[in-house]
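Two complexes come next, and they have one chain in common, subunit A, joined by subunit B in the first and subunit C in the second.
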Partner chain A sequence: MTVTAGPAVEGADGRRTGPARAVVTGVGVVAPNGIGTAEFWAATLAARSGIGLLQRFDASAYPVCVGGEVLDFDDAALLSQRLLPQTDRMTRYALAAADWALADAGLDPAGLGEYDLGVLTAGACGGFEFGQRELQKLWGTGPERVSSYQSFAWFYAVNTGQISIRHGLRGHTSVFVSEQAGALDAAADTARLLRTGTLRAALTGGFDAPLCPWGLVVQLPGGLLSTSRDPERAYLPFDADAAGYAAGEGGALLVVEREDTALRRNAAGIYGRIAGHASTFDPRPGSGRPPALAGAIRGALREARTDPADIDVVFADALGVPDRDREEAAALAEVFGPAAVPVTAPKTLTGRLYAGGAALDMATALLSMRDSVIPPTAGTRAPAPGPGIDLVLGEPRETPVRNALVVARGAGGFNSAIVLSRYVRSPHHRAVTRPA
Partner chain B sequence: MGGDAERRAVITGIGVRAPGGVGTEAFWRLLVSGRTATRTMSLIDPAPFRSRVAAEIDFDPAAEGLSPEQAATYDRATQLALAATREAVASSGLDTGRQDPARVGVSIGTAVGCTASLDQDYQRVSDFGSHWLVDHTATVAQVFDYFVPSSIGRDVAWEAGAEGPVTVISTGCTSGLDAVGYGAGLVRDGRADVVVCGATDAPISPITVACFDAIKATSANNGDPAHASRPFDRNRDGFVLGEGAAVFVIEELAAAYRRGARVYAEVRGFATRSNAYHMTGLTRHGREMAEAIRAAMRQARRDGADLDYINAHGSGTRQNDRHETAAFKRSLGRRAYEVPVSSIKSMIGHSLGAIGSLELAACALAIEYGVIPPTANYEEPDPECDLDYVPNTAREQRVDTVLSVGSGFGGFQSAAVLCRPPAKAVAP
Partner chain C sequence: MSGITLSQLVSLIRDCAGESDVADLDGDIADMGFDELGYDSLALLELSARIKQTLGIEVPEGDMRTPGGTVRLINDLASGKDA
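Entry: the complex of A and B
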């Protein structure tokens, strides 16, 4: 976000400085292997998986019967009776995560100006289970039975709208739809809006929850879901036995603020900052040209002014489909050199969460940075032949993480990459001190 | 921003598929005529529904150059977007084969994506709602593309040869403004040199008609479909569901002039705010839309005195029209009473996410031709809506600066400012 020079920021000591930096001060997670950041992070480091045989409905007759469900989410305890009938599962997750992320940041929206806070989420497929239920009413009974909430509970913008209402966030709001890649684009746009002064803080991230009968069925013709009936063998990215992925549900939200805003209110902690981003699109089939993923990674590094050698971990997209894994490994080898950077895919413990996946990867990368530990890739044992990558397997790898690269690819050709960097206070902010 | 390095985003190509005729010219002819393209719903059987009027396109995929396979398998929203993209690229005169594809981006808005195709798929797999555990053997091969509406962005990217940033923006009924605002931002920030942006929706499907029936948002003026969309009129009773797509080629100003492009308008200002009030309800005060208007005008470095025309959201619901009238007064003060305001939804209905881009197309053409399209079906003033709504007859007038606004379910309030492009002589 070196390209857009925003308005100069007045540092705490009164000097005018460069454009504001975007720092992450809060994280909220709902994932198949943990509800809440602490539970999720502990499960991720212990390689406890949330992928299992689907339990919410009887999937035994379908060719795919494994997925990452969020099974212990207590809707009634977390949300009001008024909200339950008007929300799909994925919106309930998003609302809980928004509460937790704001609490984690210690950010009271009322403490900022009326239009200073925004919401930028990603969504891939909308409130699909809600949609199936209303379609069943429409076709099974008649249009007069369709819920008065259907007009918004299914549509892609619902989470941004509901979060905005719940917390009174009246600034810039948006919704990015690019399958798995949208959450990185949303986070990057958030950083730009902070930098240019349009916003001072925002919630950004993504949630999806398409694990209902019809939500599973519409994913089958693509042929990318693993048909393995063994949850431990259903998602093995970069493995010689890779044969598709397991779908999951959930996601994450981050509170992102301008550095000056966070310091002025003595934010309890800063996880890291959004340093650079780029997105590209693959050439159309038949062009004979290679995919554009390496270009997105290079663009993100350039914007972050970070050398490949300074990236300490890559959170891979890791589709689990052999030729796509080879493409990703080749792009990483092209930018970083063969096996030159640790690569991991903790999403092997959750399944692919659509718009929630890259959001959760950003949260995981920030936790990795905080605790100087890289969580492992589960399941994968025997790396597939091809461009070598240093895949973190088995145990977590303890190592300082200064800069993390998160890669996300969306079906059809979307590539997005973001660099998250450890937070070091800008020199011009040294006058601000935190309470002892 | 500022100084020599400032990049400016201009519209050099326009493609439109709207009710009332194929292409940008037919669209503009309809708007200046004041005729309406609303009629009794024919794309689906209207009998079971409360609202049975719609603004439909007589769309012929074969005549549009779509293959039989594309016609059979692409959702109608995708087909409309592709047709509009082709027209936009052709009208820009841009040789996409000579552009660096990495510098070409896409930003497409849609509110409901491929819902119509999903609805049809659901009917097959559930045997018309008879079982919850739907039959996976009955689904169609392309259903994943309907499931993730990002497929529309993919198809437009392939059509335009874009390999830079590509995204779909889905912010309900402001999608068409927000996608263009985002696309213009890509050009201004230098993340792309050319952006194909706009919006599409083809929502005339049973589930979407039913969901608006359920909250009585759509007009039930079934006896008089041609006059059912009545923005700002005292007797308005809801919006008329429409469909359409509008796509623009947006380029950096200096590059556009260097290649001798026809420049329609500059996208000078864009802002969006949220009302944080209700998923479908609007306040009476319009404070957040007023703030979006002020922010967009500030970015455009224009004030109320510069405004020649306001293209209103003007959906024709009771609450919308008074909400935005209040927002215009709040943001522009006395000037709100002097600037012509009109709603083209009176003629082409409300195509949800697409309409914001269709309205921007109307704004660009108003600048180009010096004509302000009217608000059709305006007969009886509403005391709460007391501005100059350009009733029924187009007005010839030089137009240099236009404001276009939108409101969407979810609380989205967006505003964009288009301006007459600067004379070539001042371009670097």
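Entry: the complex of A and C
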């Protein structure tokens, strides 16, 4: 995305001004350590973990038996009965979070034009649990027993589609499939579509739920999941004992609007704005060329017109795999200087959520900004040798957060970084009033 | 070949496509359109598969307009096969 794209906005005094800004007005969360934004945020600040021994099925014989499950989600109470036969767990989370994000924003889709609202989500896993059940029918009781809903219930784009149908959001819809980096790419494209005037508002974020037998087994060949059977020691990014990560389920959705749209409808509150983004792709393994993560971070800062010194916190990708942690620490040290910026990874309380991971990190960064507090990284105790980072450990750190950087890497070489900035009303919007 | 009652059909609908969001399926719904009841073409595809599994009768989803009409269709096919 480019800062120059898009028509200028007409200010209240008729002056043409800069391109429209993308502001976040609503947040909806379903996470292993909290269902709903308030519960998740309280758990995150108190370092209450949602990672445990897997409970939904007996994983004791699997090489991996720890993960971040969402255990108290009451789908029958939250969703209509018509939706249950046609949705995977991840879609149920996404639909609940969409309801909550719109309610949080006070945004009634009927108040905007038919094609003014869109949905851009990330998807990395698809509906594994639904798909497993249908595959079991296919090979167990025959193809005629396979649900016709399997045609879309497994699909990467299904969360976008179901949200669009549920709320009548008929503007641009799309899905980003770049593993853990996807939600940042979706948010960036959302900001671009708002700037160019294609949309006035959108839901963006991501959800995955790969913790069923099939979903877990397909993650094993990658060799990056921790085989620790102790939930408290399974995911220790940047620690000398780091040995992989725990997978989790859930994610977050954000309502993002053009600033002028949010102000005209007197939006109740603005969490912050999407200030800049960049994505890069790593060179082929074995090429000898360096990883491209620092380039993504620099690109995001450049687009946000923000100096490294003005970033108050970095939400790290924090893979928990020693050489990849070193790469990330080196990229941060290269851009910011050694230990020059607080770094945190509250995903140590949820596990890595794939498409939901960076979405939840964006939600967490916006809550940090709102409450001027950086949540801690759990688990990690003894920092690994290598480039120094100022990792926030133990207790939340109270400090003003004006600009936050969220970093995400997707398996296969995706790097993305996004800058979220505290919202200050644009000068040309100061006099905005509803025309008589 | 056996036929079906409206309440048996409703039970198949509930089982494969979920309870209606807009109407009480135990009420007077025999002549309401499936679309009015909130069931789309995929729900009818599911129902068609379930009817075939349960009764051994093939009713194309495109021929199903209302619950009452579908019951008549099934029962006509059932008696035709018996005859």
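In this text, the second predicted complex is superposed on the first by the 425 of 436 C-alpha atoms of A that agree within 3 Å, B and C clash if a C-alpha of one lies under 4 Å from a C-alpha of the other, contacts with A are read in each partner's own complex, and residues count from 1 in each chain.
FYI, a contact is a pair of C-beta atoms (placed from the backbone, for glycine too) under 8 Å apart; a residue touches a chain by one contact, two chains touch by 3 or more.
Treat the numbers as computed from the prediction; the structure is a model and nothing was measured.
Trainee: Of the two partner chains, subunit B (first) and subunit C (second), which one does A:282 touch, if any: first, second, both, or neither?
Mentor: A:282 sits against subunit B, while subunit C stays out of touch.
Trainee: If we overlay the two complexes on their shared chain A, which of subunit B and subunit C does A:219 touch? Say first, second, both or neither.
Mentor: First partner only.
Trainee: Quick one: name whichever of subunit B and subunit C touches more residues of subunit A.
Mentor: Tallying touched residues of subunit A, the top partner is B.
Trainee: Have a look at where A:147 lands relative to subunit B and subunit C in the superposition and call it first, second, both or neither.
Mentor: Both partners, subunit B and subunit C.
Trainee: One more residue to check, A:82. First (subunit B), second (subunit C), both or neither?
Mentor: Touch status of A:82: second partner only.
Trainee: Enumerate the residues of subunit A that count as touching subunit B in its complex and touching subunit C in the other.
Mentor: 86, 144, 147-149, 151.
Trainee: For a test of understanding, state which residues of subunit A touch subunit C in their complex under the given definition.
Mentor: The contact residues of subunit A facing subunit C are 80-86, 144-145, 147-149, 151.
Trainee: Going by the contact rule at the top, pick out the subunit B residues touching subunit A in the complex.
Mentor: So the residues of subunit B in touch with subunit A come to 1, 48-49, 101-102, 106, 110-113, 115, 118-119, 121-123, 125-126, 128-130, 132-136, 139-144, 146-151, 153-154, 157-158, 161-172, 175, 178, 182, 185, 189-191, 206-207, 209-215, 217, 271-280, 288, 291, 295, 408-412.
Trainee: Across the complex, what residues on subunit C touch subunit A?
Mentor: It comes out as residues 16-21, 38-39, 42-43, 45-46, 49, 52-53.
Trainee: For subunit A, which residues count as touching subunit B in their complex?
Mentor: For this pair, the touching residues of subunit A are 3-5, 57-58, 61-63, 86, 114-115, 118-119, 123-126, 128, 131-132, 134-144, 146-152, 154-158, 160-162, 164-165, 167-179, 182, 185, 189, 192, 198, 210, 213-222, 278-284, 292, 295, 354, 410-414.
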